[in-house]
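Presented below are the structures under discussion, each in the form of structure tokens.
Consider the two complexes below, in which subunit A is the common component and subunit B and subunit C are the respective partners.
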Partner chain A sequence: MKPPTMSSHSPVTAYRHSRGVLIPCGVFLAIGVGWSLAVSAFKVPPLLLPGPMAVFRTIVEERELLFQAAASTLSEILLAIAIAVVTGFATAILVGISPLVRRTIFPYILATQVVPKVALAPILIAWFGIGMESRLILAFLISYFPMVINTLAGILGTSDAMLRYAQSLAASEWQILVKVRLPAAIPAILSGVKITAGVAVIGIVVGEFVATDSGLGKVIIDSSASMDTALTVAATLLIGTLGLALLGALELAERRIVYWQSGS
Partner chain B sequence: MISLARMGARWRAVNWPALIFGAAIVSLWEALVRALAPSQSLFPPPSYVMWSLYVRFDLIMEHAWPTFCQTLVGFLLSVVLGVALGWIISKSRTLFEALYPVVVVLQVVPKEALAPLLVLWFGAGTLSRTALAFLIAFFPMVINTTFGVRSLNTAMRDYATSLLCNRWQFFTKVELPWALTSILAGMKISVTLSVIGVVVAEIVAGRNGLGYLLLFAASRLDMGFSLAILLVLAIWGGALFAAVVLLEQRAVYWRR
Partner chain C sequence: MGQGARLGQALPLGLNPIREKLTDAVEGPRRQSPNDPHVVIADLSKTYELKDDSIESIRRVSFEVERGGFLSILGPSGCGKSTFLMILAGIIPASSGVVKIDSTPVIGPRRETSLVFQVPALFPWRSVLGNVLFPIEIFKGDLKRHHDKALALLDMTVLADFKDRLPEQLSGGMAQRVSLCRALITDPELLLMDEPFSALDALTRDEMTLELQHIWEKFRKTVVFVTHSIREAVFLSDRVIVFSPRPAVIGCDLRIDLPRPRKLEIQETAEFNRYCAEIRASIGVRSG
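The block that comes next holds the complex of A and B.
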């Protein structure tokens, strides 16, 4: 039995687990109705929590602001993911080739996993200023290491039988890497990409909370400072939707790429 | 992801290349900064970071205490409630089909974004931070518990039934030990997440805590102080993780 990781549970898997989407949809609907009823029954002041209809109205009214902010946040997230995936993959190949390099730096790569890297946000802003660079570096630092670890686990996890078979065919080290190790590592690499994407969202959003010059994080901080709670809730829900859509899209892409594993 | 439990085993056999590499990096950092950096406050060498830690130790500890308590409470709450919900979900087919997808969706949503709303609802104090730590750490616990309980195979179940196990024996001798591996794997994920939750809430709003102190130090461009606080946070994260690994080695000793 493999220890489960967060990555193996994603929206699409959830859909596949249940026989119908009806029940979970019903649960979400019930949450919405319960929210609405609770707000009107207990006369919750809209400053504290506006009802779902008020939030929806705000989304429609402020659509331009929210759309621009979401576009800025999303483009930074995608950029951070791209940088982390490319550099993380390259690092894992370099580390994977040489046992000495692996032994030298892998303990440090693992150790970074227990450091709360979001705390770097104020430090990065002091060094790189309030702007996109700080957020990108923060998101990169958070999302780079999971990519390295997953890719490396994939490359090094090739079965011995496969390796011996390739060696018996007189394959060179390079051929073994490209034709045996990498194809076998694709599922691990893709789950690395999903973890990377998930934490990149967190990096960019926390970055926007601290360096408030653009994006949905700025909308949240600004609106909560001016007590416009409907807008705060709307922007928070948008970030959730954004993260969900991103992971859902990656999950669908994964199913296409590693179709031979769709039974898992 | 590769098993982080192996980290502990790795450290016990002294890894000389890694030690030399670490020492080289620190010396290089020290030398370069001393030679090139215009300001030691903005680009501090490691010695200055350690000196800041020494000089401000009392202040750091004063702010570390709430952070430590909140991460612990948030983490323990997420373990207790997460295991309870995960267990209930996995025992009923209807509940599983209704709630598991919801849990999985909420797991994927970036809950750090809730920090400002939680501060609005619960104030910029202990409650909002513990709540964020709990919310972030809770869902991996539910998912891992559900996975652990449901992965019990039918052969094991049949075998236990053939031995005339009663319900209690089945729970304590079969189900719990079986699910423990997965629950502990979840705890290793959740424990680091709970630190992140508290720190994010402290950075967004607050009057105390290491995240707040870090924001304060960085806004005064005292980077030696900032990095010293980061070091304390890293050590706390590492200590919590190590504690869970130790617990794992005790609890699921048969898997070593």
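The block that comes next holds the complex of A and C.
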């Protein structure tokens, strides 16, 4: 097939491609310039908000501290996501296939959603100490539920037409689950993973605020205590960057996995 | 499992001339038990029980379907003809009465019966070929052995070039052809079709009608075809049964004696239109 190769050389697509890169870069620069201008125009003291150059300088100077903290935060985030995804998926399958589980256990899972889990942080520290366990548990509590709900919505939302067809072949419940419900649920499951990843970032960072023995959250707490606002802002930006990179990676993976949906 | 790969092996040819001589409604081409009809529907009723109401969908319907014949069930929307087909397929239980296929009561879906739905509902993550082979996977059949058979079916329905495509890249007519292929891959004895062409545009519909006639002539499976198009029913069928509005009872049972293979032009003949008029009269639709 020729058309794809031809079109990638055509001026129109070249323009589109460059637009896809140029516009975000432009926005990024504009925010930086706006920030810089605002800080100097309103004479904001650096203690409240340093300019972008000052923050950049801090990132370079404190790169070792920030890199270690980011590595620690990222690994805990990934671990939390893995735990939430695996357990959430398993829960959803159980709830999906067993009416008994749906009646007996699922209501309690739902009930836990009403409790603001960040409020549990002090208790978690009392139980599990200042360390990774507390943070992982907090992140898990926040990120488990979206995974359950999305997966469940996916496997229970299979189109009637597909189910009826599988039924007409006398497919077993297991075959229907593995060959129809699960593949049909993949888009929903992946959006569950994305939400889970997003809130796992929050869970770990909030955990680092409370169980302050490592990570970018600790850097934020420490630097704001010593009024090193540039470092606080730098750590905050890094957390944002980590989260974006994570979601970007998941988005890319999604496009490859859900090959049958050409949307976007 | 009875789903041996016998693509292209229809009835022994010698039987077809005999068939043409027979015009009796119950007799037909014979394969196994000469006097047994393929499907027997006896006193079949279906009532849907709702919370504080019940809807009587089918009322005491009885008839027999001859082996290798093409039977259409015609009726207004919501008359229970789809429900009836689902009962034949063993997907919906009857409220009373019995359906026997090859003298065995239907209590659930059977592998010897294939169902084609109005909406093909292909699996979007599977290629065309993967969709056609799906029933073999479910039946735990030999995929390698059925691979060539699937290709032959796709070839017959002019889909061979599309075997690796995904369903979203297919037109409505192509998708319905794929669903016909996946219904035929299991070598069914009985093909149940639930308004399979009603979602297609008129031209595609004509094309599919001819193709179905061709496939049926080739394989001579028993077909029960549900439709709300009188012309489609007359064109395709040996026999047309008209269901009344709900609760469905048989309003008319008509034998269509038009020569085969039929061409689209047959629809312009007086004979064809006489059949249509007779059916229309039995439904109670005035032409003026």
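Going forward, the second predicted complex is superposed on the first by the 228 of 264 C-alpha atoms of A that agree within 3 Å, B and C clash if a C-alpha of one lies under 4 Å from a C-alpha of the other, contacts with A are read in each partner's own complex, and residues count from 1 in each chain.
By definition in this document, a contact is a pair of C-beta atoms (placed from the backbone, for glycine too) under 8 Å apart; a residue touches a chain by one contact, two chains touch by 3 or more.
Computed from a predicted model, the values in this text were never measured in an experiment.
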Touched partner set for A:Thr212, first subunit B, second subunit C, both or neither: neither
Touching partner for A:Ser36 - first (subunit B), second (subunit C), both, neither: neither
First (subunit B), second (subunit C), both or neither touched by A:Ala171: second
First (subunit B), second (subunit C), both or neither touched by A:Met162: second
Partner chain in contact with A:Ile186 - subunit B first, subunit C second, else both or neither: second
Of subunit B and subunit C, the chain that contacts the larger number of subunit A residues: B
Touched partner set for A:Thr87, first subunit B, second subunit C, both or neither: neither
First (subunit B), second (subunit C), both or neither touched by A:Pro24: first
Parts of subunit A lying in touch with subunit B, wherever the complex brings them together: 1, 3-7, 9-11, 13-15, 17-21, 23-24, 26-28, 48-49, 100, 103-108, 110-111, 113-116, 118-123, 125-127, 146, 149-150, 152-153, 191, 195, 198, 201-202, 205-206, 209-210, 216-217, 220-221, 224, 229, 232-233, 236, 239-240, 243-244, 247
Subunit A-touching residues of subunit C, taken from the complex the two chains share: 89, 91, 108-111, 113-115, 117, 119, 121, 123-125, 134-135, 137-139, 166-168
Of all residues in subunit B, those that touch subunit A in their complex: 1-4, 7, 10-11, 15, 17-18, 20-22, 42, 94, 97-102, 104-105, 107-110, 112-117, 119-121, 140, 143-144, 147-148, 151, 181-182, 185-186, 189, 192, 195-196, 199-200, 203-204, 210-211, 214-215, 217-219, 221, 223, 226-227, 229-230, 233-234, 237-238, 240-241
Subunit A residues touching subunit C - in the complex, by the definition given at the top: 159, 161-162, 164-171, 175, 179-180, 183-184, 186, 259-262
